[in-house]
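Shared chain: subunit A. Partners: subunit B in the first complex, subunit C in the second.
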Partner chain A sequence: MRKAVIRAAANFPGDLKTALENGLRETFGSDLACEFVIDDSVIGGFVVDVDRTVYDWSVATQLKRLKKELHK
Partner chain B sequence: MADLTGTKSEYLHERLARFTAQPVSYRYGTVSSVGDGVARVSGLPGRLYGELLEFGSGLFGMALDLEENGVGAVLFDSSDSVSVGDSVRGTGRVAEIPVGDELLGRVIDPIGRPLDGLPLDLDDSLPAERPAPAIIDRRPVDTPLETGILAIDSMIPIGRGQRELIIGDRQTGKTTIALDAIVNQKRTDVYCIYCAIGQKASTIAYVEETLRKAGAMEYSVIVAATASDSPATQYLAPYCACSVAEYFAEQGKDVLVVYDDLSKHAVAYRAMSLLLHHPPGREAYPGDVFYLHSRLLERSAALSPEKGGGSITALPIVETMGGDISAYIPTNVISITDGQIFLESELFHSGIRPAVNTGLSVSRVGRSAQYEAMRKVSGTLRIELSQYREMAVFTRFGSDVDEATHKLLRRGEVLTELLKQNKGAPRTLFDQVALLLAYKRGVFESLDTKQVRPAAEKLTAYLRETCADLADEVNSTGNLTDSADAALSAAIGRFQAEQL
Partner chain C sequence: MKLSGDMLIDLIINIASIVVLFLIVRKLVYKPVKKFMTARSERVAGAEEEANRRAAEAAAQKEEYEQKLAALETDKQQAVRESEEAARAAAQKIIAAAQEKADSIVNGAQKKGQEAYDKRLEAGQDEIIDLSVDISSKLLARNISDDDNRRLAEEFLASLKGERHA
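Presenting the complex of A and B:
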């Protein structure tokens, strides 16, 4: 049973949660356990961690990228 | 509160408009074991050999063991802050060092972090490991690199693009020769890089102070990995220093790099290899310890005009134990370099400093790396010294010798005195040529041995006052024309008559 850990700053409302789980199962296979974790540092968006690979759609990371870009 | 109007606001708007939000994805591994500066990471397939791995913020390691199910990495900083279970990310970059003209005058570590307390912000960087120049990209070594040390410039001349090893026991003056060579470049357009590997931090501070006081830091960079830095950091130091040298050389500059010292470098590499469980070879060094140094020193070269015509001259330093130059690391590096300057403890302690053993020292580039003026006056020095050494044993027994032998011994004593030089006191080409010309004419032969050096100083001071134009001519052209020779000889004759 593979595991996906989804980190977000707030709880996912029901329909979004289901949509996300279905999307993940479509990509990674149906035997996927989804664990949802609250993490304030994400600020917005979410981060998916599955099979030792991270897919980062968080606002926090985008802000870091923006900061780096503006400092150039 | 900043006023966000006008150009600042426009600028920000423009930058913000150009930014697009993009998801970031990366693989990570997990630390399965850590200790002794080595971390084993499971997962993380597809790493590059020598890739930088990030163990949490700001902590890096280098992937040196690429296995099927994981990676073995040596850590640059202490392994205290890394724990089992930590996530590790690849960076896709191999070890690299930031480069730029702003490095001149600075002291940095092999990863480019400043060690002199001032900020450093560079845009470009070069990988630590780079291929050596191809055969077609090189030109023969034909320009002298003046060390300012008479014993070396006259008999073991070094050319720009050459690798000349400085080898000897501890405390024989190896670092002093290298520093004097750097200080002497104040007269030239050569940039200098001093790479300290495994040295005490106090020694590195002393080097920095010496160079700064002599005004040499303006054209020098110090890359330092102290004795307390991890073996991985010490291992990288010379490669990073060489990359900095290549940055300047590829712009057409002549660069001098000092590696102080490669013995400690080999020891650091041995520590890393043993901790990674690589099989030990002779003296417990790993089997590729020759390649460790050969690939470093091959990057020193004189570049062809098509490649900018710059050069990198290397002065690697190797420390021997008990004068044994046939030990493993010394023989390796001797076979790689284009000659060696061999310093002996006995010579040093008997007052001959620089303690150069002229018999065992050689420059394989030789006289094509000498200025014309020096070539004219230094031809017979090695032979005379070698004959003197052979004969000198007789003076110990106080035996009577014939006229010719007595003259040989006297001249040998005088030459030995003239070759002695204080540290931090480099001699110009003109001064060196003048001293050797005076020696050839027997100017000092009638003096007591103890008076030779003071007389030599008096001569150079006298010539500085009376022959300044001649000095400029010789120093700038490197030639001693017949008329210059005559003028100089005449001046020396006057000095001898008036002052001795």
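Presenting the complex of A and C:
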């Protein structure tokens, strides 16, 4: 059974969790198990880790990119 | 006064004695003395001539030495002038080199100062950027809502459409 780990800074409401699970299963297969983990370092948004692929939609990463751009 | 015969004879004898004495002295003394005096005069004249000659020689030498001294003095003054000019030129060179070095040091220091200032400014700007981003992250952490997360989830899922990993 394949697994997707969704890391977020806050506990998502039920409908959001369901939407994410359904969307991920559409792409990765209905046998996909989804696990939601609270991680403050994300700040906002989420990071999805599935099939050795990481989909980083976190605010933390966006801020890091912004910092890098400003330092140039 | 009437001269007697004896007195007359004495007188004649005296006069004759004087004449004979005169003749003898003239013969024995006058000529040698004259010869001596002539020789002496000649010697004196010769010595005077020699002295004049030597005086003339000395005067000529003196003039020659004075001319040489004058020439030496001219050479000496020329040498002094040349040394002064050389010293002036060397001093100018040293001053110019020192000025160049001083300018180089000042320019180098100014450049270093400017570089240090630019570095500090850059470091300050970096600090401001880091601080701003940190403050932003704290604000965002407090203010991100469920609706914001929903929007992100919609965008994420839309980007997944078309991918197929099953």
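FYI, the second predicted complex is superposed on the first by the 72 of 72 C-alpha atoms of A that agree within 3 Å, B and C clash if a C-alpha of one lies under 4 Å from a C-alpha of the other, contacts with A are read in each partner's own complex, and residues count from 1 in each chain.
The rule we apply is simple: a residue touches a chain if its C-beta (ideal position, glycine included) is under 8 Å from a C-beta of that chain, and two chains touch if they have at least 3 such contacts.
Every value quoted in this text rests on a predicted model; they were computed, and no experiment measured them.
A.B. asks: Identify the partner contact of A:33: answer first if only subunit B is touched, second if only subunit C is, both if each is, neither if none is.
C.D. replies: Touch partners of A:33: none, neither subunit B nor subunit C.
A.B. asks: Does the superposition put A:54 against subunit B (first), subunit C (second), both, or neither?
C.D. replies: Once the two structures are laid over each other on A, A:54 reaches subunit B alone.
A.B. asks: For A:44, is the partner it touches subunit B (first), subunit C (second), both, or none of the two (neither)?
C.D. replies: second
A.B. asks: Determine, under the contact definition given at the top, whether A:70 touches first (subunit B), second (subunit C), both, or neither.
C.D. replies: Both partners.
A.B. asks: Applying the document's definition of touching, compare subunit B and subunit C: which contacts more of subunit A?
C.D. replies: C
A.B. asks: I'd like to check the shared interface: which positions of subunit A are touched by both subunit B and subunit C across the two complexes?
C.D. replies: In subunit A, positions 55, 57, 66, 70 sit in both the subunit B and subunit C interfaces.
A.B. asks: Give every residue of subunit C touching subunit A within the complex, in rising order.
C.D. replies: Residues of subunit C touching subunit A: 126, 129-130, 133, 136-137, 140-141, 144, 146, 148-150, 152-157, 160-161, 163-166.
A.B. asks: Which residues of subunit A touch subunit B in the complex?
C.D. replies: 52-57, 61-62, 65-66, 69-70
A.B. asks: For a test of understanding, state which residues of subunit A touch subunit C in their complex under the given definition.
C.D. replies: It comes out as residues 8-10, 12-13, 16, 19-20, 23-24, 26-30, 40, 43-46, 48, 50-51, 55, 57, 59-60, 63, 66-67, 70-71.
A.B. asks: Can you tell me which positions in subunit B touch subunit A when the two form their complex?
C.D. replies: The touching residues are 12, 15-16, 18-19, 21-30, 43-44.
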